[in-house]
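Questions regarding the structure given below will be posed in turn.
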Amino acid sequence: MPDVGIYSKGKVTLPDLFRKLRQDIGENVGAIGCFVGVVRGLSGEGERVKFLRYQSSEDAVKKLEQIAADIEKRPNIRRVMIHHIVDQVAPGEDAIYVLVAGHRRDDVFKALPELMNRVKAEVPIWKKEVTERREYWIHEFAGKK
Amino acid sequence: MGITVKFFANFREAVGQERVEVAAVRDVAALLDELVRQFGERMVDQLYELGSKKLRETVNVLVNGRGINLLSGLDTKLKDGDVVAIFPPVSGGTS
Amino acid sequence: MPDVGIYSKGKVTLPDLFRKLRQDIGENVGAIGCFVGVVRGLSGEGERVKFLRYQSSEDAVKKLEQIAADIEKRPNIRRVMIHHIVDQVAPGEDAIYVLVAGHRRDDVFKALPELMNRVKAEVPIWKKEVTERREYWIHEFAGKK
Amino acid sequence: MGITVKFFANFREAVGQERVEVAAVRDVAALLDELVRQFGERMVDQLYELGSKKLRETVNVLVNGRGINLLSGLDTKLKDGDVVAIFPPVSGGTS
């Protein structure tokens, strides 16, 4: 079963996720890959970012589950975890953790970017970027602002 | 019971509420007219391209979880109990 | 400066490496990727593995440094860490940690497999696989046993 | 001072030592002969293809850090103070 979640800040930590991941992955896992999405201090236009404010719909967890399950059902993947912070998140703070455990590294390296691409394209989560000069909702797939 | 409309991101801000209940309307076009009537210019700006009634490409409208682009667009019929969601493109994760 | 090392077991932990990585990567890091190589309990032939025994030459650290520095000098990569356990390592235990911090996830996802491929092909480290029935030095690039 | 020979992996096991000092020899071929003389069949098995004096493809020989394939192969000259390393293909990381 994939393990996903949406949290406010401070409710989830990477070491805890690693511990949980390793509990029941069995003896045939040779590769664990992990991705941490961190809020950057500079916007795409080079403005100083004060924080991002995330918002999600109540369907977001279901969608995360679906994406994780799709990848986890591959024969060489043992476990997928996707955990997203939905809160006000400052530069240097983490917004998303993705972990994949698999038999060999190739399978894991292939899964990680796929998972992130699907999270960004499919999960009903939005973010507002608040810089020193302005604030706007980011429409990632509608051409750059 | 009417129609439940949920707003996200810029739409939620324009409206100042997470959701509203609207009395039954015929179709999505009529629903958007009703939202513009209730919320005025702020809603017009978020929904339509400048000076037109062409829905912005970035506006997603779901009826009971299905995008109207897969239904009948603005002509998609609505009935009592339907849930409509309005939101911009999703942007989870980080940059 | 890249951060690399070769350790006996118990001398390095992933949470410590993450902490170290995050100390001085600045405000422009949006993506951290990590790979953990774990010893599998089944050999390529399906035999039960008792342990792997790693051995390295004194040039191994220098080579790790060189590989890490090559990737770290890319404009969108801020930090590369490669830490290898050289010891007797049992199934489920970690043998290698690779961490990459960069501006965007694409750069990080590209770097991780490159780093692992280079480590496996270039660094003077060898391993002996000890299964329930036999033991042999693994010649990864000389055709499968 | 002679020549220092370092062994890794299967070669280290065949020899039972991490390194040996060998009196000066003319070239790599002569060094390998000397190692076979000292360590016998175990060394022959590790170095050569079965029943021949063709070096196994998996055998790496470095002279002062440079592969003999980039020098003069088995004819690579050796002199006092040289360091020779003999090892199989590397295999760091996990499967």
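The first chain written gets the first letter, and so on, giving A, B, C and D; residue counts start at 1 in each chain.
Keep in mind that, in the parts below, a residue touches a chain if its C-beta (ideal position, glycine included) is under 8 Å from a C-beta of that chain, and two chains touch if they have at least 3 such contacts.
Computed from a predicted model, the values in this text were never measured in an experiment.
Novice: Starting at subunit B, figure out the least number of steps needed to reach subunit D through touching chains.
Specialist: Between subunit B and subunit D, the shortest chain-hopping route counts 2.
Novice: Please compute the C-alpha centroid of subunit B, do the same for subunit C, then give the distance between them in whole Å.
Specialist: From the centre of subunit B to the centre of subunit C is 50 Å.
Novice: How many angstrom lie between the centres of subunit C and subunit D, each centre taken as the mean Cα position?
Specialist: The answer is 27 Å.
Novice: Just curious, how far off is subunit C from subunit A if you go by their C-alpha centres, in Å?
Specialist: So the centre of subunit A lies 23 Å away from the centre of subunit C.
Novice: Which parts of subunit D, given as residue numbers and ranges, touch two or more other chains?
Specialist: Where subunit D meets two or more other chains at a single residue, that happens at 94-95.
Novice: What parts of subunit A, by residue number, touch at least two of the other chains?
Specialist: 30-31, 37-40, 105, 116
Novice: Treating touching as the only link between chains, describe the layout with one word: line, ring, star, complete or other.
Specialist: other
Novice: Touching pairs of chains, all of them, please.
Specialist: A-B, A-C, A-D, B-C, C-D
Novice: Name, in rising order, each residue of subunit D that touches subunit A in their complex.
Specialist: 94-95
Novice: Under the stated contact criterion, what part of subunit C meets subunit A in this complex?
Specialist: Against subunit A, the touching part of subunit C is residues 14-15, 18, 22, 26-42, 91-92, 103, 105-106, 108-109, 112-113, 116.
Novice: Touching subunit B in the complex: which residues of subunit A?
Specialist: Of all residues in subunit A, those touching subunit B are 37-40, 44, 52, 54-57, 59-60, 84, 95-96, 116, 119-128, 137-142.
Novice: Please output the residues of subunit A touching subunit D within their complex, sorted ascending.
Specialist: Residues 30-31, 104-105.
Novice: Which of the residues in subunit B come into contact with subunit A in the complex?
Specialist: Residue positions touching the partner: 6, 8-10, 12-13, 57-58, 65, 85, 87-95.
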